[in-house]
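In the part that follows, the structures are each spelled out as C-alpha cells.
Shared between the two complexes below is chain A, which pairs with chain B and chain C, respectively.
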Partner chain A sequence: MFGVSIDNLLNLDQKYYQMDDYQSDIPRWCPGCGDNGILTATQRLLREEQIAPEKTVFVSGIGCSSRFPHYMNTYGFHSLHGRALPIAEGVKIRRPDLHVFVNMGDGDCFSIGAAHWIHALRYNMNMVAMVHDNNIYGLTKKQASPTTPKGLKSNTTPRGAVLEPLNPLVTTLAVSNVSFVANVVEWIPDLLFDVIKKAFHHKGFSFIRILQRCPHFTPHVFDPIMNEPDRLRLLTHDDGMVIPDAIKKIYKNVETHDPSNIHKAREYASDTETIPIGILFRDESVPTYDDIRKPTKPNTPSVINEALQREFDKFGIKPKND
Partner chain B sequence: MTAQKTKGVSPSQKEAEHLLEELEQFAGDAPSSTPKQTPDRDYHLWMEKPAEQDDERQKALYKKHLTFYLGETSAPVPEGLLPAGLAPLAHNPAAHSPFPVLLTGESGTELWTLDHIMRKLLEASSLKDEALEVYKRHLADLERRLLNEYGRVDHFQDFEEVLSSLALQAFKRLTSANGEDHPAVTALEQLSMNVPFKGLLIGYGPETVRHLISRSQAATWRKSVYDTLDRLEELTLSINALVESAQNAERESDASNTAFSDSIDFDKLKEVVQSVPSPSSVDGSRLKRLKKIADSLNTWHDILNSDKHAAVFLEKFTSTDPARAHTEKARREIIGLIRDYHLAVLEEKHRFDAGKHQKLFDDFSELMMSDEEIRLIPPVLLFLDARQAAEHQEALVARMLSGEKIKISIQATSLLDGERLLPLYGWARMATALNRFYVVQTPLPAIRDMWDEIRGALQFEGAAFFSFYTLIDEEENAPVADYIRCGAAAASRVFPLYAFNGQTAKPLSERFFLSPEIQPQSLWAVNSHTVRVGDEHGEQSFTFTPAEFFYLHKGFQTHYFPVSREEEHAALIPLVDFLKDTRLHKEHLPYITMADGNGELYKLLVDEFIVDQCAAIAADWRVMQEWSGIGNSWAAQALARHKAALEEESEAKIREITESYEARLNADREQLTSEIISNLAAGLLSDEMIRLGSGLSAPVAAPPSAAPEKSAPPQEDSAAPESAPEAEAEEEDEGLSFDEAYIDTPLCTSCNECRNINSDMFAYDANKQAYISDVNAGTYRQLVMAAENCPVKIIHPGKPVNPDEPDLEDLIKRAAPFNG
Partner chain C sequence: MHTTETPQSKTAPTGQNAKPTVIDEHIIEIVSDSGEGAQTAGQAFGTISARMGNGIWTVEIIPAEIEPPPRTSSGASGIRIRLGSNQITNMGNEADIIVAFNEQALLGREETGNLKKGATIILENRWKDHTNNVIREQYAEVMEHLLAEGYNVIEIPMEEETLKIVKNPRRGKNMFVLGMLSYIYSRDMELAREQIRFAFRKKGEKVIAPNLQLLEAGYNWAKNNLDFQYEITSPPISKPMVVTNGNVAIGMGIMASGMEVCAMYPITPATSASHYLSEVFENAGGMVHQAEDELAACAFAIGASYAGKCAVTITSGPGMALKTELLGLASMAEIPLVLVDVQRGGPSTGLPTKVEQGDLLSAMFNSPGDNPKVVLAPSTIEDCFYSMITARKIAETFRIPVLVLSDANLATGQQPYPRPEFKEEWVAPPYDQNPVPEGTIPYDWDEKTGLSKRIIPGQPGGLFRVTGLAHTRDGHVAYGAGVNQEGCDKRSLKIATFQKTLKTPRVYGPEEGDLLLVGWGSTRGAIEEAVDKARKEGLTVSSLHLKFLMPMASGIGEILKKFKKVITVEINFSDNPEREMITEENRRYSNLAWLLRARYLVDVDSFSNVHGQPLKPSAILEMTRRELKKLN
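Entry: the complex of A and B
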C-alpha cells in the first residue's frame, strides 16, 4: 500500500472509546450491589458498539438504580419519581439521533410509574428500558414494593407483606403493541450483556426486567435463587438468544423458546416455580411511535448545522468592493 | 449484366443498369492505384514436368550450384519473380490494404478496418435487393476513393467530414446525369448529410501508430479519471454555483429556504454577523479559495470532456527526448487536480476548516493519495523510431531498467538495411526478458489483430513496450504492396506477431500470446494453392520462410541463383527440408519456389548466408513457441521423466507380484509335498505297520509347534492395559490441583469488593471483570477475605504462597469452602 486515503487523514482525530470513557464517577452503591453488574454490562455494550458518549442519554427516576446516570459519562437525566419514561419519550421525539436508555427500580416503574410504564409499552418508542428489580425500596431503607414477596417483613409491613407480588412480565406481555420483553438476572454477566445488546438492536421499546440482588435488605430472597441454578429456566433459540455452552454447564435447565410465540411466552412468565431467563417475546413488525408521528422539526445537530451553514454562506463571503 | 438486358424486365432494373454504367465510366476515370492488376484477372500457378537428367549431367550441375552456394559465383535473378506462396495473393485484384482504419467506439476504443466500415455503412442504409446492389457499387467506389486518398495519409481525419464530402461528390455526379430519385441515390444523399457513426480516419504512415496509441491512451485515461473521481462533474457544477451564490449574497438578503427559519432567527443572526468589526479578510479568503478551486475544476472539465483535448493534454508529455521534465509536470498537474477535488468535496459540504485542513492541503503530495488516485498519473508515452532508439540506446536501456511506469513504442520503417538484418526485434525481446513489461509486437497492417493486446498494454498498470514495423518503401515500383510485405515479415517469423502480458503472477504460457494469424503451431507458415503440372491439377503447399521474405528486399537478391528447368537435378531439395537436417548439407542444395508474372513456378537456389539467417531465425522462433507453451521441451522432458518413473514403478510391481506368486507357489508345493508324504506315510503306516509295533509317530508334527506361537501375542496385550490407568490417574490429579488462586472472571459482576480490599492483587480486565493480577501483591488473608466478601463467590484462594504468614491454619480452614 502506497498512499493513505485523504479520507483517512481527515478522520485521524476520530476516537476509539474504552470502558473508562463511559465512566464518570465511582459508584456509591452498597458493597456487592447488583447494580454494579448492570452498569458494567451497559458500558460494555456502548464500547462494543462504539457509541459516542454525546450521542447517548440515560434517563432515570428515583431510587438506588436511578443513580445510574451519575456514573455514566454521557448525557443523563435524574428525573422525578416514576416519571423517567415520559421524559425519555420527550427526549427521543425531539432528538431522534440520540440513543435513549431508561433505568428504573421496581418501585419506581411498577408502583408510582405504573401508568407511564403501560403507555410507554403501548407507544413503543425506540429505546431500552431496564428495570432493576430488587423486590424492595432500598434507598429509603426497606419498604415493601409491588414485587416484594408475600410474607417479607419490611418497615411498612412489619408482620410480613400481605399481598401477592405483582408479576411484571405477565403484565407487560398483556399490553397491546408490546414488542420486546426480556427477563434476566444480573449475576450471570454474559447473559445480561447479551440481553441488553439484543434489546439495543431491537427497533422499538425494549423492556428488560433485571432481577438484582440487594445484599443489604433482600439477601434471603435472592440467595436461594443463586444457590439453586435449576430454578432459572434459560430460554434459547437461534432467532433469540443462544446460551453459551459454558453457562449451560452450570445452569442445566435450558429450554428452546421461539420469541415470536407470545402464548408460550405468557406461559413461561406466569410459571411460579421457575424464573424464565432470556428473551420472552420479540416482534420487529410493531410500528414505533417515533415513526408514526415523525417530528417535522427534529433538533438534530446535522439539521441545525446545515441551516446555520446556509446562512453563514450568505454573510460569510462578501464581494471585494463592499 | 447482358443477360438482364435481354430480359429487360422492370423499369427500376433499367434504372439500376443505367446507374451502373454511369458508375463504371466514373470508376474508369479515376486513376487506378495498381495498374499491373488488370492482366492478372485469373492468376494461377503452373509448371511443366521437369526433364529427366542422367547421372553425369546431375553431378556437373551439382558442382555448378555448389560454387554458388558457397558464394563463389553469382547470377542475376529474372525480373518479376515472387515467392510462390505469396504470388496468388499479390496478384489478386480483390486484396487491398486494410488502411485507412477508423478509430471509433465508446471513448475511441474500437478499431475498424475499411471492410468493417463498409459493412456498417451498408447495414445503416437498410436497402434491399437490387437497390442494395446498386448502393453496394457506389460504396465500392467510395471505398476505392477512401483507399486512394486517405490510405496513405498519416495524420488523422474526421471520418464524418471525409465521408460526407465524398458521398456528396458522388451524389452530385449521379444526379447531374439522372435527376430521378432512385432509392440508392437517396441513400447516398442521406449519407452525404448524415454519417451514421463518428470516428477518426487514420491512414498508413510513419505517424499512424503515434496517433492510434496516444488517442486510445487518452480515452482510457479520461475514463479512469471519471471512474475514480466519480463526482467530479457534479462537484464542478456545485462549486460554480457556490461561487455564484456567494457573489450574489448581497442581493439575496432573504433566506431562500425558509424551512428552518422558525427554528433559528436568521435576521438576528445577520445583525450579529454584520456587527462583528472586520470579518471581510477571512471571508475574502474563502471566496478566493472557492474561485481558485472553481477555476481549476473548470479547466479540467474542459480537458476531460473530449478525447481530443485529453489527447492534447497527454501529448504534452510525449517526447522523443528521454527526459524526465515532462513526466514531472504531468505528475504535478494530476496531484493538483486531486487536491482540488478533495478541497471541493470539503467545501461543498462546508466541512473545510482552515485551521485543521489548510496545512494538509498546502503540503498535499502523492503520499496522501489512495492507490486508485495514484494510478491516474498518466504514464509517459515515448515514441521512438528504430534509428533514434539506436542513437539513444544507453539512455533508453537505463530508462527501461529504472522500473518506472513508461509506455515505449519503437517503430521501424525498414527491417533490412543493405545486406544487413536490423536488430529491431531485439528491443522487444529485451523488454520481454525484463519480465515486467507488457510487450506487443506487430507490423502496422496487422494492428487490428493485436488491437485487444494493445489496449491491454495501455490499460496495464506497469510499463509497456510496443514494437511496430511500418514499412515505408522508398524503392520505386516495388513488386509487392507494402502491407503484404509487412505481413510477410510477420509470417516469415522475422517479425512475429506476439504479445507478452506484464502481470507476473500468471503462468508463462498464459502471458505469452502468439497471434493465430501466423500459424503459431508450426515452424513455418504454410499456404496451399492449386498448381497445374502438365495437365494435372493438384494442391501444393508452399512454406514461407525468411528466405522468401529476404527475397522481397532488393539488397538481398544476390544471394539467390536462378535454376532453369533444364538444369534441375535430384540433389536440389526444398530449403525447409534442408534446414531440418544438417546431415543433408553434404550432398544436397536448398532451393525456394518462386512464381513469375504468368504463374509459372521457378526454383531459386539459396546460398549459405541465407541458410544461416534462416536457421538463426528458426531457433529464435522455437524459443517463442516454447514460451507460449507450444512444443514445450520442458514439459516433454518432465513427461518423459514421469513416464520412466511410472514404468519403473510398474516393473517393480510386476517383479513383486511375480516374486510373491513364486513364493506362494513354492509354499504350496512344499505343503502339498508334505501332505502327500504324510498321506503316504499314513497309508503305509496303517494297521499292519502299527501292529508291527514300530512305534513310529506320523510326521504330522506341525500343529503342536504352532500353538505356542499363537498364544504369545495376547500376553503382550494383557501387559499394556495395566500401565494405562496409572497414566490417566496421574493426569487427573494434575487437573484437580487447587494450589493456585484464581477467579472465574466471566462470572464477575464488577462490584469492586475485591479491589476495595487490595487493588494491586485484583485488577479488572477490558470488560471490567476481575482477575488476580499478582498473587504476591497482598497477603493470603486478603485473598481469603476477598473470597468471603465476593457476592457471587467466584474467588478461589487456593493454597498460601508464603508459608510464613501468621494464622495460616485458620486461614486455610476459612478458604476451604471456596476451593471446593
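Entry: the complex of A and C
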C-alpha cells in the first residue's frame, strides 16, 4: 500500500486463531434471533480462513442486525441507517489489504439505503455484503419493510401491509456489473456457511440475501417455506456450491444451476413460490472499481511536489526578465 | 472618460491613433448569449493582463440555464474583468467599458446598475438591420434608451468581420473581441498569441490558427477605427506568480495537503473544483470519486478517512444539507474529514450560479445534538489554496470535521498570487500501521484537551468498533447515564484546545473608532477597499475579517468593544429593520451578526443582502457614510 511503511505490512506473528479470537461483546439479540446464526457462520469463516482480525473491517448500518460489528473482535464500523455501503466503499478504495464485510437489515439496504445498494452493485468493489432480511423493521419495533409480505400486520400497517413486497433478487440481478448474487436462509447453517465462504472467495461485490428469523416480531413469516421444505429450491453445481447429501435428504428440491447463466438466475429469482437457495449468479470477469481506480502513483511528497510544480507552471507568470 | 459625450452613436469613428491615455484601473465586461465564448475571451484577457503585471480580478456572469433563450436580459452570460496598476482584491463597482454581442444581454447589465454613467458600450451592430422586424425594433428601442442615458455607444460589425475568417460566428466573435480589447488596452500581442495557443492546446492547430487570425483582425479593426486607447502601467513582476480561480486553488490545495480521496456529487458552483481535480489529482496519487449522491459522497470520504488519510468532500449548500447526518457521525466517531462548501444563493435550490454567504449558521449547527466541528472561510483566491492544507491538518490533529466555506465569487474569480513554495510538512504523513501499545483504547480522551490518538484499521492490537451511538472510551455502546455527558464534554474540549492556537485577527485600520465593519469570506477585498476610501474622506471606520468562525479567536470581544458601532457586512439575509412589522424582538440578523451578538453580548447590526451579486465597495462606502452620519 502506498503511504504505509512496508515493514509494518509483514505479519511475522504466525498465531493460529481460534473461534474465541473473533468474539467480542456478548450478543444482545433476542433468544432465537436468526442474527446469532449469521454471526457464528461468519466467525467460523474467519477461523477457517485464518484471517487476521486487524485486517478485517465489518461495516454496518443501523438496526438489530447492524449491531453485528460489536460482536466481532475485528475492526468495526457501526454507522448510520442506510449508509453502510458507501462507508465500506470508502474503506476499501485505498485499503485493498483489508477484508471488508457489510451487514445490513432489509430496511437498511432495500429502503433507506436503496440508492447505495444499486450503485454498490455497479461499482463491484471487492467485499462481502450480507442483508439480514427478517421482512420487518426490528429495532424500531415492527414496522413494514420493503420485503414485508402483503397482508402482514405491523405497527404501520395494522390492517395488513398493502403493497406487494420488493423482490431484492430480481432487482439485484438487473443491475449492470453485478458479479455475485446468492440467496440463503440462516436456519440451514451449513449452506449459510458455504455461501459466505464462496462470497468471501469471489473477487468483486458479493451480495448475499439471508432470510433471517425474527421470533420477536415476525415469528410466522417464514412458516410457509419452513413447513414445506420443497418450496426451497437448492441450486447445486460443480462450479458453484455443491449441496451435501445430508441436506438433500431433507430438502429434496435440488436443481443443477450453472451460476454463469444469468437468464436462468433471473428466472429462479422471479419465482416467488419456490425460493432459490445458493449461488444464483457469479461472474469473476467483471472489473472491480477498486482495481479500476487503483493509484498509478504513490502520494508521497516528491510525487505531489512534481504534480504541483506542473500545475503552477500551467497557471504561472514569470518575472519579466526570467 | 476619453471622448466628449455626444448623444449619438458612433458607427466607426475614424481611428487616428493618438497616444494611449494612461489610467490606473478599469472595469471591463463582455456579455453575450450563452455559448458565444465571452468567458473564454475574458479569462484570456485577464490572464494576459496578469502576466503583464497588472492586478486583476475576474468574475463570471453566469445564467442559471445552460442555454437560456438567446437575446434575453436574464440569459446574459459573460464576464467582468477588473484591471489595475496595483493589486485588485474584488470586482469593484460599475464597469467603464462593456462589449455586448447583443443589446438584450447588455440591457441585463445596464438595468441592474452595473454600468458607470457615460460608460463606453461596444455593441454588435448586426441586429440593427436584421431581417426580423421585432429584433430591429428591440434594438432601436434599446439604442434610444442608451443614448438618452448618456452612454457612449459604438456600434461595430463584429459578426461581419468574424465571418471573413470563420464560418460560424458564434465560435469566433469572442477572439475578435479579445483582439479589440488587446488594442484598446495596449496589451502585449505576443502574450495574447501565447494565451490563445494555450487555451486551445487540446484542440490542435486547426483551431488555433483561425483564432490567432481573429485576434489580429480584432486588433487591427480597433486600431483602424477607434479613436481611443488606454494603457494601464504596472510595476514589473518581481517574483513568480500564478493566476487561478478559487476552485482551481482549492483543487491545488487538496493536492498539496496530501489528501488522496475526494468524493463528490456534481453541484454548481462547486463542481469545477472537482472537474479540475479529476484531471490532475491522479498525478499526485489521488482520486476523485463521483458518488451516487451527496450522502454517499460524504460516507465514502468518511470511510476512506477512517481507514487511512483524511479525505475531502466538495459540495454546495443543498449538498451540505444532505450530508448533515454524516457530519454528525464524523463528529461523534471522531473521524477526520474536510468538507468544502462553495456556497451559492439559497434557500432550497435558490440561485445556483450566484453568490451568497448563507451557510455559515447551518455549517456550524447543521447536525442533530451537539456536534462540534471547525468552520473556516478563505477570503482570497490564495487563501483557498492554503486553507485546504490548514483544514487537513486540523481535521487530523483534532479528529474532527473541518468545514471550509468558499463561495461562488471566489469559485470563478481569478486573481494572481505568489507561486506557492512547496513544503513537505503540507503533506499528510503516512498513516500508522504499527502495533498499538497494549492497553491503548480508541477514545482515550485527555482530561485537559479532549484529544486522543486515532487507531487505524490494520494496526495489530487496536481492534475496536466505531459507532455513532453514544460510546464509552473503549468504543462500546454506552448504556450508563454519565457516558454521553463525558463524550460530549471531551469532544467539545477539542474545540477549546484548538481555539488556544488561534491568533487574534488584526484590525484593518485603527484599533478603535466610531465604526467597525466585520466580515468573513470573499467580501474582504470589497470591505477593505471601502474602508480605505472612507478613511480618505476622514471617516473613522475600521474593519475586521474573520477566517475562523468556529471557534473564533480570543480577543475579538475586546476589539468589538472599542468601537461605538459594529456592523457585519455579509451576503446573506437579514430583516430590514425599517419595516413596520420588524422590531428588536423579532428581527432576524445576518449569520455573523447572530453569532457575534450571542457570543460577545455586543449590539451588532447587519448590512446584508441576497441580490446574488458580490458586494460592491461603493455600496459599503455609502452605508458607512450613512451610519457615521447617524452616529455623529
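Operating definition for what follows: the second predicted complex is superposed on the first by the 281 of 322 C-alpha atoms of A that agree within 3 Å, B and C clash if a C-alpha of one lies under 4 Å from a C-alpha of the other, contacts with A are read in each partner's own complex, and residues count from 1 in each chain.
Here is the rule we use: a residue touches a chain if its C-beta (ideal position, glycine included) is under 8 Å from a C-beta of that chain, and two chains touch if they have at least 3 such contacts.
Note that this is a predicted model, so its numbers are computed, not measured.
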| item | value |
| --- | --- |
| Touched partner set for A:44, first chain B, second chain C, both or neither | first |
| Touching partner for A:19 - first (chain B), second (chain C), both, neither | first |
| Which of chain B and chain C A:297 touches, first, second, both or neither | both |
| Which of chain B and chain C A:308 touches, first, second, both or neither | both |
| Most chain A residues touched (candidates chain B, chain C) | C |
| First, second, both or neither for A:246, with chain B first and chain C second | first |
| Which of chain B and chain C A:75 touches, first, second, both or neither | second |
| Which of chain B and chain C A:34 touches, first, second, both or neither | first |
| Where chain A meets both chain C and chain B, residue numbers | 2-5, 9, 297, 299, 303-304, 306-312, 315-320, 322 |
| Contacting residues of chain B [partner chain A, same complex] | 242, 245-247, 249-250, 252-253, 255, 257, 259-260, 262-264, 266, 269-270, 273-274, 279-280, 283-284, 286-287, 290, 342, 346, 350, 357, 360, 366-371, 373-374, 746-753, 756, 766-769, 789-792 |
| Residue ranges of chain A touching chain B (in the complex, touch as defined) | 1-6, 9-10, 19, 27, 31-34, 36-37, 39-40, 43-44, 186-190, 213, 215, 226, 246, 297, 299, 303-304, 306-320, 322 |
| Interface residues, chain A side, partner chain C - complex | 2-5, 8-9, 11, 13, 24-25, 52-55, 57, 59, 62, 69-70, 73-80, 82-83, 85-95, 97-98, 115-116, 118-119, 293, 295-301, 303-312, 315-322 |
| Chain C residues within the chain A interface of the complex | 50-51, 53, 236-244, 248, 252, 255-256, 258, 260-261, 263, 280, 282-287, 289, 291-293, 295-297, 299-309, 311, 325-326, 329, 416, 419-420, 422, 424, 427, 430-431, 433-434, 457-469, 476-477 |
